[in-house]
Amino acid sequence: MLHFFHKLASPKHFYRISGNWIPWLGLACFGFTLAGLYEGLLVAPTDYQQGDSYRIMFIHVPAAWMSLFIYMVMAGAGVIGLVWRIKLAEIMAISSAHIGASFTFLALITGSIWGKPMWGAWWVWDARLTSELILLFLYLGVIALYNAVEDSRTAARATSILALVGVVNIPIIHFSVEWWNTLHQGPTVTKFGAPSIDIHMLIPLLLMAVAFKLFYVMVLLMRARVEVLQRERNTGWVQELVSDYE
Amino acid sequence: MNHTYTAATLEARDIACIRDDRTLFDKLSFTLEAGQAVLVEGRNGSGKTSLLRILCGIRQPDEGTIHWNGGDIYRLATGYNAATAWVGHKDGIKLELSAEENLVFARSLGTPSGLEISDALEAMELGGFDDVIAINLSAGQKRRLALARLLVTRSPLWILDEPFTSLDTHGISLIENMINIHLADGGMLAVTSHHPVGLDSADITRINLSE
Amino acid sequence: MNHTYTAATLEARDIACIRDDRTLFDKLSFTLEAGQAVLVEGRNGSGKTSLLRILCGIRQPDEGTIHWNGGDIYRLATGYNAATAWVGHKDGIKLELSAEENLVFARSLGTPSGLEISDALEAMELGGFDDVIAINLSAGQKRRLALARLLVTRSPLWILDEPFTSLDTHGISLIENMINIHLADGGMLAVTSHHPVGLDSADITRINLSE
Amino acid sequence: MKPATLPQAFAILLRRDLTLAYRRRSEIINPLLFFVLVTAMFPLGVGADPALLRDIGPGIIWVAALLAALLSLETVFRSDFDDGSLEQLLLSPHPLSVLMIAKVLAHWLVTGLPLLIVAPLLSILLHLSDDAMHTLLITLALGTPVLSLVGAIGVALTVGLRKGGTILSILVMPLYVPVLIFAASAVANSDAGLPVNAHLSLLAALLVLATSLSPAATAASLRISMS
Amino acid sequence: MKPATLPQAFAILLRRDLTLAYRRRSEIINPLLFFVLVTAMFPLGVGADPALLRDIGPGIIWVAALLAALLSLETVFRSDFDDGSLEQLLLSPHPLSVLMIAKVLAHWLVTGLPLLIVAPLLSILLHLSDDAMHTLLITLALGTPVLSLVGAIGVALTVGLRKGGTILSILVMPLYVPVLIFAASAVANSDAGLPVNAHLSLLAALLVLATSLSPAATAASLRISMS
């Protein structure tokens, strides 16, 4: 098992193995998405309060989940990279940042689109929305720092520290924003938190959640492969690979 | 004042430095003992500065290790730092402080040699400049002040990156003199310079990075 | 390509420079004609950099005037600027631009000499570095790039402050060669250096600021 | 080869600065992000009540724009000073004040224009009306160039000092006050359905004034602080 | 002579930084002026209605404090980096994280403490009640050190970059949000006569957390960005 990980962590093997996984991940992701969309758009019943507009949930909720999940993955990979100096972990961390930022953005956009009919405004300063917005900025900070540092290894290590500091802050931010909002009561936002969600709504939600996870892993591998090639461009195996294509 | 250092060894084992995709050097090994000097030579861009920064511990080598008295300098960081003095391309002096204040601060960050600040300035022929704010010094005067740090602290290993930059001929001979005394006392030296360094000692390892 | 410049005269009349309360030099006069060089010498802190910055027109002399072809350089600023090229302590290159882009920009701010950028880089032995972003060059490579500006523009008067800083011996001889060609072509030169400058021409005015 | 004409030199300098901004990337994105961040910080500070936010929204957006301009000002000359390019510009045969226009224009394109693009988003976050948003855009279009032009003088005056960040702000902020007042009240007026033409004409007048005076002042300040 | 002990080295570094700040003078005055100016800018931007100002006052004062801290952050390491002193600190035999505490403390004494001193003045300008002013001072005392501590990590991460001003703000501002929220709501609560103990304890907890984690993180970041 350990041996397997060690082997996988070497960029060369990672490149080879991940290349084999990607098509399968893509296929599975496609399958789950189709199933989720079918269940979500055709099977799930119309909501008695919101009509059909609630169906954006099947994008919004999984995207919002992913935005948090990916941050944890990123920070975890960052720690591994910092402590054990595993290159692949560094690569995973920074590749995750871009995807995580995209999901966060998606959650914000879909949330706003949903919010317009629900609350009559594209945006309110609700605790959850605010903390999601700050999460986006945490991601953007990581990306900005990575782009700003010239040397890619230094950049990876610097962003790992930043991600780590961010992780310490995420619960604090979450907590503070909740507090803040309950104290400064703005408009009372009725959350859609239906206690007993209809099973026909739950199924597509879970399907889509799985599809999003698969999508994440697939894109992560693709981004990581590019990054690996770029970093190892002067090593023997990449040169060979390139000459194969020529 | 007893300037004879206790014996110590610096050993570079198969170190390599890679910048972007270019290998500046690899499998570079050498040993430096009391009274010896390493002279790093090479064309512009051959990696001299990079090597010295690695020796200081500012940068990690991309491969290989560096040992101080048998221990990896990254493990023993503190002990190693107390033993080294670094003067790089940048002078490392605060422009808003006077010459004297700069040296007082430098001394308190290292191991004091016991030499008075004013004597150190005298030795660098910055005699009347004790109270002059460093921003009003010329390029060469700043360089002298940076090098005066070597006198007020007591570090067996000096690592100097083109110490003679901006110095006039008289300044250069002052520094050469200082280096020779340091080596005679059992000190160690790693230095780069594009101009010949007048070392008395025969114990010089030359490393040419252009070859 | 015709490199012979039209004759011109630079004349410093009784100029003085005062920093804080110290007079670095005063009543300094000299004349510089086509093919001649002024070599400014002096100990560290004697005022060489200050003098050159005054000659460029970056700083005004505290007393006296400087004339270019008989007219005060502060009156004729634009005409004078077109005729001078300055390489100071700072390289004046943008670290985010490639070597080539730096030279293209420098050329368009001055009078183009007609020499191709790539030839100028070749002449400075920066051959393969056209597309390398300047931040990734070593100290000496940056200096070479700064000096390459002299080749792509056509200025009769070169003002160089320690041009050899950071250059290896081979680099120094390249620049000396370049300077000698410039003087032979009827160019003019004002230069400081702590190291001997190998000039062929006998027409050298030496100004020692330490005396 | 002939020497570059003045328009050519202008264009080349402009292109150089835009290339540099593009290479640094973060220089374009950052003032923008900063603008959004500062705006977002206010609701956190003052509470989420939409009516309140709508009231103070124009003021907030303009203060944020002003701070974003202020923070990015250093980039106009700082790096050119540090690496010695500024000496080279000063000694170029082209009139310095024209070159200054190129530098300020580049600065505005990189830091001012993007604000115009995200401003609608911020108007939504702060619940501004459509009318107010419209006026906001006009005030930004007229006002942000003034910020760049006036700011350039301040940077030129302080570029040689080795002092920490805020002295520039102190110099420049009082000069920014008129822009802030006219612009914020124009937006507030239009939110309240009042006429805004007078304010907008004043802003336009400020722009004309700044354009005609700032380049020469910037050039003169630079010469002084470099000597 | 014996080598300096750790407390001695700490004291000497602290004194050096304070001397430098005093020599530069503007470093002390500027964040302060900036703080006052930004606060003064709001009434200009949003109108002078006392009730409105009193409502948004705590938020504005805290946003201004935050921006003042942000703008002065660069001074923690920038000049030490530029002149090479930072390399020397890094290579000193003393533990870097302790030296970092000295640097952050100096920064706070120079930029945070003065805010505490002028805050009462600003409270009057914005019509805050005496209670609110009192709470404001406590929140500033607890919160501004956190700003310095957290900010130092950001500066350490960006010190080697030759990029313009705003990247630091983007890294650090999201991390400042909790301080802003707790502090501003504490002041607002106390203005409204509500209890504030919970908020203040939370701020104190943030201070403890930041003090215990930031020095090591700053030291590690510095080592990375210098390599």
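Worth a mention:
Letters A, B, C, D and E name the chains as they come in the text, with residue numbers starting at 1 for each one.
Methods note: a contact is a pair of C-beta atoms (placed from the backbone, for glycine too) under 8 Å apart; a residue touches a chain by one contact, two chains touch by 3 or more.
Note that the coordinates shown come from a computational prediction; the quantities given were computed from them, not determined experimentally.
Of all residue numbers that take part in the contact between chain D and chain E, over half occur on both sides, making this a same-residue interface. Across A-E and A-D, the chain pair carrying more C-beta contacts is A-E.
Summarising the inter-chain layout, the chain whose CA centre lies farthest from the centre of chain A is C.
For chain E, the chain with the farthest CA centroid is C. Centre to centre, using the average C-alpha position, chain A and chain E are separated by 32 Å.
We define each chain's centre as the mean of its Cα atoms; on that basis chain A and chain D are separated by 35 Å.
As a whole-number value, the distance joining the C-alpha centres of chain A and chain C reads 56 Å. Each chain gets one centre point, the mean of its Cα atoms, and the points for chain D and chain E are 26 Å apart. Each of residues 20, 89, 95-96 in chain B touches at least two other chains.
Counting partners per residue, chain D has 24, 26, 30, 33, 37, 44, 47, 79, 162 as the residues that reach two or more other chains.
Among all residues of chain A, those that touch two or more other chains are 134, 137, 140, 144, 148, 180, 184. Chain A contributes residues 121-126, 130, 133-134, 137, 140, 144, 147-148, 180-181, 184, 186-187 to its touches with chain D in the complex. Listed in rising order, the residues of chain D touching chain E in the complex are 24, 26-27, 30-31, 33-34, 37-38, 41-42, 44-47, 52, 55-56, 58-60, 62-63, 66-68, 71-72, 74-75, 78-79, 162-167, 169-170, 173-174, 177, 180-181, 184, 188. Residue ranges of chain E in contact with chain A, taken from their complex: 150, 153, 157-158, 160-161, 163, 167, 170-171, 173-175, 177-178, 181-182, 185, 188-189, 199, 202, 206, 209, 213, 217, 220-221, 224-225, 227. On the chain A side of its complex with chain E, the touching residues are 134, 137-138, 140-141, 144-145, 148-149, 154, 157-158, 161-162, 164-166, 168-169, 172-173, 175-177, 179-180, 183-184.
If you check the complex, the residues on chain C that touch chain D are 56-60, 78-79, 81-82, 84, 86, 88-97, 101, 105-106, 108-114, 133.
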